[in-house]
Amino acid sequence: MWLRIGCDLLFEIEVPTPFILMLRPKSGLNQWVARDEFKIKPNIPVLEFTDDYGNLCQRLIAPPGYFSIQTNADVKTAEFVDIAPGAHFVDIQNLPDNILSYLLPSRYCESDRFNELAMEITYNQLPGYDQVTAIETWLRNTISYIPGSSDYPISSIEVNYRQSGVCRDLAHLGIALCRALSIPARMAVGYLYKLEPMDMHAWFEAYVGGRWYTFDATQIGPKGGYVTVGYGHDAADVALFNQFGPSVYPISQTVTVEKLIDENNYY
Amino acid sequence: MWLRIGCDLLFEIEVPTPFILMLRPKSGLNQWVARDEFKIKPNIPVLEFTDDYGNLCQRLIAPPGYFSIQTNADVKTAEFVDIAPGAHFVDIQNLPDNILSYLLPSRYCESDRFNELAMEITYNQLPGYDQVTAIETWLRNTISYIPGSSDYPISSIEVNYRQSGVCRDLAHLGIALCRALSIPARMAVGYLYKLEPMDMHAWFEAYVGGRWYTFDATQIGPKGGYVTVGYGHDAADVALFNQFGPSVYPISQTVTVEKLIDENNYY
Amino acid sequence: MWLRIGCDLLFEIEVPTPFILMLRPKSGLNQWVARDEFKIKPNIPVLEFTDDYGNLCQRLIAPPGYFSIQTNADVKTAEFVDIAPGAHFVDIQNLPDNILSYLLPSRYCESDRFNELAMEITYNQLPGYDQVTAIETWLRNTISYIPGSSDYPISSIEVNYRQSGVCRDLAHLGIALCRALSIPARMAVGYLYKLEPMDMHAWFEAYVGGRWYTFDATQIGPKGGYVTVGYGHDAADVALFNQFGPSVYPISQTVTVEKLIDENNYY
Amino acid sequence: MWLRIGCDLLFEIEVPTPFILMLRPKSGLNQWVARDEFKIKPNIPVLEFTDDYGNLCQRLIAPPGYFSIQTNADVKTAEFVDIAPGAHFVDIQNLPDNILSYLLPSRYCESDRFNELAMEITYNQLPGYDQVTAIETWLRNTISYIPGSSDYPISSIEVNYRQSGVCRDLAHLGIALCRALSIPARMAVGYLYKLEPMDMHAWFEAYVGGRWYTFDATQIGPKGGYVTVGYGHDAADVALFNQFGPSVYPISQTVTVEKLIDENNYY
């Protein structure tokens, strides 16, 4: 399916403020970006770079006054994410070198503290994909998904304690539980078609059966329409914007995801 | 200055043909891509990757029949390239590790065979930028630039023997001469505003005074309006398309570079 | 100065156990490894790779029974680490791309929770090196350094609460405080000449004045004799060994650091 | 098998001379370096880095006078290289991204000029491994292998014209012929047990059946005992030493490869 996605941010800046942005989707295994647009007003210099995870990032210094970022893109993505019940657990010794770091605990995913809970949740499951499905189901049934309920990241221990959270929080706990079972897991942020209420979204991926699979405890049933703008160990790596100096918050943020119906008119 | 650049290619394919394309400009130190579009018809699967030089490449298998690639982008680039007469030669021991390979001979730049000529051309010049300027001037005065005179790459030895060539050929000889003096040099391909006749273009960069500078023996005087789509050791690394199996050639190729006059209407 | 460093580990393994080791020093900007030896008994297959931080790592599956790792190396390192009082804070926009991730919070360094404390500790200091010195001094005076007092990593919040810790703990808190000031900071693990009691060691580095500098709150005065085996965001990235499956602990661990007196006899 | 390999070089330097060395074997998929030693006299500063191909390189400035490099290492390598008659040709679209550049022509392997010869040599062969075997056999039967017959690299066109060459020359022609068939091929340099006469050696690898396989037209029958110190597109990438400024040549070079008979005494 073809999606036209967009995110507009508006800030009011008081002192010159360095920003690092992660809002630009990149073509990859799971998506093809056929068109994209990234407008910044005022029209200040921007430096783009690719971070250690392969994400496209932009660096700039926002000047005092109104500062807006308008991004949109046309992206081809899967109608339904791949699923693979029964896909096997990959033995540590067979994991690719560059996957190993996704076994380690990270800022918001203290996987070293979740061994028991992970064992309990996945009791009797076949090692691999089915364990992750059990984790996803447990999250869906146990942790209340309350969009907009939190502004800043909290760690998986806190999420588990609160038993509720935003999409990012459910993803963090899912990642921590996977890693506790020696299943590599990472965070993805981006867009989801028909998300309610519409906003930027976060979910997680687990590496089983020799590749990454998508999991999302905030949604029911195998869905599709995901567009990723960033991958990382957890939310610390994939902030849509990192800003330095006195805190600024968007005074408006508009996210849109629309399906290109007659895609052949476009592509 | 803001440029709207575009390259459309049309092929007629007989058997399914693997392609690797390098036509998509990327934001970097010298340019900011604010909008880009990359359309392929028919709408087949494409995989995008970043090669060892940081270039964006696309892989696909073109099916039999007409096959078209339409690309265009809005890019902010310098009105005039930077110049730095007198910029010093960088001692080998001070070159960054990742620059060193640009000292080595490559397929079309047999720098190991040009020591004497390079010494002769740059006699009495200050080591560094001024040597490269002398090389550029010598190329401009010695090697006739005849656009369209050749279809496939020839190496610097052959260029020097023929004393004429296309933009790529002059760049190859310039690179070989620089490397013969232990000045790192690389090839760039892309677009040039007001190029006559309009086409894709090639030029070279030399690393002096601690950074890369642009040189182009096919043009007079310090110009600007360059948009790069690929960097490499020479033309072998930066083909606009590599195609495997029975040879196919574009049945049409249209290149456009236009200035966005009222840029504030756009950006 | 030339050091001969060594670390021998002995395990008793019950079930085949995948290990990832990080015990092999690598030559770099601050050290030159002229000789090194890495013996594993029994003589099983080992795969070596370089991780995302440039550390040399080894992967293997230890078979049941005694399993030993014996490493030693001759390394040239600085007699005194470089110091640079007054070295300036590097503005975010001037940090190299690959340094930026060292500004982010990580598993054991919750820098997002230390803004106030960091401001307080560095009150009136010149931004940059002097702030880090103030942090180092504060750690030395405030957090009791008790070698051997803890077996597994705790995070900077917990360290600050306990007001005591091992070398790793002081480093974690130091890193968190630096990052809270937007100073990139990273963890280093390895050897230190004349460390008392002798053991593997951990310290931290801060990026100010355009390069990394060494800080170590567990020691008095500018010292030298550091040999690094791993760099990372925090202890999660630089475990000397990561082991998967049922926990195993070394039944013996011997660390030695000796000075090569007549170095010209050796090198 | 375990080999103790060594290479000693002695230079007499007249003016301070920058060197880049590639003499230090690295552990990898095919070899495990358990011990290594790299002595430089006089004991000047050395910087080690890993190049774009993953090779360990050292940078230094040799001072006037005698300058010696003594290297040796204990390496576990295969008794016989793997062979895989019938292993399939990998379709371009299935090659990993980082393998693609090994399809391109390079300085000494003008693969773009060998299509016809490659087709002729491999006529009737199954695409893939068997084609490379046919190329290897053709080289062995056609190009006289004359150790020591040449000092500097010549390109595959010249090798084919001369019909004789050193190990490097046969490898270059083999690589060019493979790439002409769209089989990725790369050069390897290093040591070979029982090479006659003993010296540093060069051979080539071809990517078929999903991995690299070793080929060596200078030797008869499947052998083993290879230790690699460098991989690259061709000899331009894997010089044992690159030296800048007035040419210097080793006044002595000693290469040794000995088998560790009672390896358990060592490892």
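The letters A, B, C and D name the chains in turn, as written, and every chain counts its residues from 1.
To be clear about the criterion, a residue touches a chain if its C-beta (ideal position, glycine included) is under 8 Å from a C-beta of that chain, and two chains touch if they have at least 3 such contacts.
Only a predicted model underlies this, so the values are computations on that prediction, with no experimental measurement involved.
Looking at the partners of chain B and chain D together, they share no chain.
When the contact pairs of C-D are matched by residue number against A-C, B-D or A-B, over half are shared only with A-B. Between the CA-based centres of chain A and chain D the separation comes to 44 Å, rounded to the whole angstrom. Centroids built from CA atoms put chain B at 36 Å from chain A.
Separation between the centroids of chain A and chain C, computed from CA atoms only, is 31 Å.
Multi-chain contact residues, meaning those touching two or more other chains, do not occur anywhere in chain B.
The touching residues of chain A, when paired with chain C in their complex, are 18, 20, 49, 51-52, 59-61, 91-93, 97-98, 100-101, 103-107, 110, 112, 152, 182, 236-237, 242, 244-245.
Those residues of chain C lying in contact with chain D across their complex are 26-29, 32-41, 43, 45-48, 50, 54, 58, 263-264, 267.
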